[in-house]
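Please go over the structures that come below.
Each of the next two complexes has chain A plus one other chain: chain B in the first, chain C in the second.
Right after this comes the complex of A and B.
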């Protein structure tokens, strides 16, 4: 098989597995909610990877925009209007708008400096969520609200009580977002981002406005991550400041690195492995944090190219 | 009112001194090795807990001397075993590694010393207030500021007056040339890492007496230290010092007028600096 048809076969296999997941997950010791969580965090990790793997810019503050999406959803349903689609819109708008404002401040920076500033700016939103108790309920988080069934006019989809229905709603959103990302990466704009990743100085000499492209890529990446955040709040029917703390950002990065940040599907595989491990270990020990830490260290030392990176390298050689 | 403002400015100065102490250590490591040490707050906690364990045996002063050195020794081991492997690679990897270390250290201290806040003995005479008018001016607060000042002065003396300091400064500018000139860069980076961690350990011993001893003691200090480095300018140690004191005092003053925004004000400061002067107050142009 040549490379193109092998890639197509891989894509088809992944979609087939995702579509049928609610039916085989329970037979291999999983449960439907675990599949939903994998999809949502995979979307977040893939969104981060748009910036990290395909633009070559290191962000360690994506949890902030993830969390803003989540808080947008929770507050809309709790205080404004009980509608799931509208809540998602508000959440995504909040996350994207915040990213668009922060973007110009950091788009000129590179490397570790960029990473540090994204971490620091990410914490701003954590502190707001933590301190503004009258609106966000601070550390306790926003409770006493839940996702609303989808009403299409002619039919109603009960995503609240039917976990398979919710899985498929998430899958539809995931598919749309992933398709949009793939389209963007294949477009001339996406190719320009790759050029910046490979050699920024050359891209600049070719007349590409590098800072503006990095800003755009940052906003797009945060747009997708806030979609994931919105779904995350809907899944839990709950949101608290931990959704936007720095350790959440670290989780996204480790998922992308573990799966392979130079590959499109890598973060999905990284997210699946990370969450299955988390599910297993946290039900067996209280020292989950030590294991996460050890996991980070081991991945960095032994799998820096990620799982798909290793496979891809073998396939080429 | 004057008392209140004075109180908060002093408080801000003390907190700022901690930020500066932390940030100077972070900055040292970042400048020479290009590693953002996320585990710095963890090392601070190690310093604090080691001091807690040592105090019954050697007293407060003995612990003050010994604990930072022990912390630095642990730091040197960690650099030797883990961080050294990542030099020259994408900063992403060292960031992830120290991220993982931060988790492990926090969970480890919780495992060894427990999750609850522990009593921390400081000498009685340090707890007395120095003046009846300025009731908040306890000996410990003044002592902390003086000690941080001595530590910072010592650091700058090491950097400007000793051969090690000269090499660290040279390596910050051009590590490759320094290596070609026959300096063992591996050992240099190792010692430099230890020096940075020493600062974290010292900050830990002092902070435990003020903030209370618990596994997350470093958490409230690590982010402001990042902000201090960004505000002061990457690559500039005097900048880091200024940045730390500045955000400390700024958040202290804000506490007087708008307590809930005391944390936010440092980020506002950072945004303003990035907007007007992206390299930071004393940062060099074009270094990052």
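Right after this comes the complex of A and C.
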């Protein structure tokens, strides 16, 4: 089988697993909500990886835009209008707008300086959410609201009480976002991002305005991560400042690296492993993160290209 | 009108004068070599032309406009393309992808999210064209990082050529190459110069290459211009022989 048909077979297998997940998850010791969580955090990790794996720029502050998406949803439903689609729009707009403003301030930075500044800006948003108690309820988080059933006019989808319905709503959004990312990465614009990742100097001397393209990639990446954040708030019917804290950003990076940041699906695999480990180990010990961390270190030591990197290598050789 | 006019350009790094009051005029269609011992300021001189560095004093005019302080990307858009002493390519992309990116950027598609069927066809045709010029056709689907040094260098030159430059700057195109690779690259440069009528300025250490290719040669020592002239004149120049050629030969 050549590389293209291999990749198509892989894509088909992944979609098949995702579409059927609510029906097999329970038979392997899982539950539907775990599947939903994997989808949402995988979307966040894949969004981060748009920047990390395909532009070569490491952000440690993506949780800020994830969290803004989440707070946008919660505040819209709680204070403005009880509509799930509108809440998502507001959340995504908030996250993307913040990223667009922060972007020009950091797009000239590289490497560790870029990463540090993304943390710094991320923590700014975290402290706003933490301190502005009258609006955000601070550390207690926004409670006493919940996602609203989807009203299509002719029919209503009860995503609130039917966990499978909510899973499929998330899957539809996930699919649209992932397809859009894949489409962008295969475009001339997407190839300029690969060019920047591969060799910034060469990219610049081909006439690519590198800083501007990094800014664009950053905004696109944050747009998708805020979609994930919006879904995250809907899943929990709750949001608190931890959604925007830097350790949440770190989790996205871990998921992407764990699964393989050079492969498109890597972060999905990484998110699935991370969350299944969390789910399983945290039922035995509060120190679940030590075990996830140990696993992460082992993967990075022995498979620096992540789980999917192993398969990718084998496919090439 | 001359294509490139460099007027009394200097570049200081603190107390060090890397380029000292150098002037050079390059006519369209010319192949100019810049030679000189290590540390003579050749690469710094190149970096001033491409905008990697800005001169401390002096003026650079390209194709009728002053580009002395222009950003590198803008100079590329105006028609200056370069290669580097250490080959700069996209190692983990295929040769085809490397060229494709260059072709798409040159066509103004860098912000496009999709291409029409026609545009796509034109891009592919241009890539095929470049692969053929570079003699790289059968390696199109290989990762560039896995290619030989000579093929990587040819790839880099083809990426520069993809930009349809008015001026091509080559920084030591045969550095670190064996005889066969040096010969191949020399033939490639010769082809670009003769068949494509491309204006080329190159830095080179290999004197066989320089005397084989160049229309005119400029010699730099310690940042300053020592001599300038045709290969014959340079070969006969006693100051050059004393400072440079004598040592090499």
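Definition applied: the second predicted complex is superposed on the first by the 311 of 317 C-alpha atoms of A that agree within 3 Å, B and C clash if a C-alpha of one lies under 4 Å from a C-alpha of the other, contacts with A are read in each partner's own complex, and residues count from 1 in each chain.
Throughout what follows, a contact is a pair of C-beta atoms (placed from the backbone, for glycine too) under 8 Å apart; a residue touches a chain by one contact, two chains touch by 3 or more.
Just so you know, these numbers come straight off a predicted model, no measurement behind them.
Once chain A of one complex is fitted onto chain A of the other, the partner contacts of A:209 are limited to chain C, with no touch recorded for chain B. By the touch criterion defined above, A:25 reaches neither chain B nor chain C.
Residue contacts after overlaying the shared chain place A:108 against chain B, while chain C stays out of touching range. When the shared chain is aligned, chain C comes close enough to touch A:188, but chain B does not. Which of chain B and chain C touches more residues of chain A is settled by the count: it is B. By the touch criterion defined above, A:58 lies against chain B but remains apart from chain C after alignment on the C-alpha atoms of chain A.
Once the two complexes are overlaid on the shared chain, A:94 sits clear of chain B and of chain C alike. Against chain A, in their complex, chain B makes its touches with residues 30, 34, 36, 82, 85-86, 89-93, 95-97, 99-108, 111, 223, 226-227, 229-230, 234, 260, 263-264, 267, 270-271, 274-275, 278, 288. By the touch criterion stated above, chain A contacts chain B in their complex at residues 52, 58, 60, 105-106, 108-113, 115-117, 119-121, 123-124, 127-128, 131-132, 246-247, 250, 253-254, 257, 287, 289-290, 292-297, 299-301, 304. Touching chain C in their complex are the following residues of chain A: 183-184, 187-189, 191-192, 194-195, 198-199, 201-202, 204-210, 213, 216, 262. Touching chain A in their complex are the following residues of chain C: 50, 72-73, 76-77, 81-82, 84, 88-93, 97, 100-102, 104-106, 109-115, 156, 159, 163.
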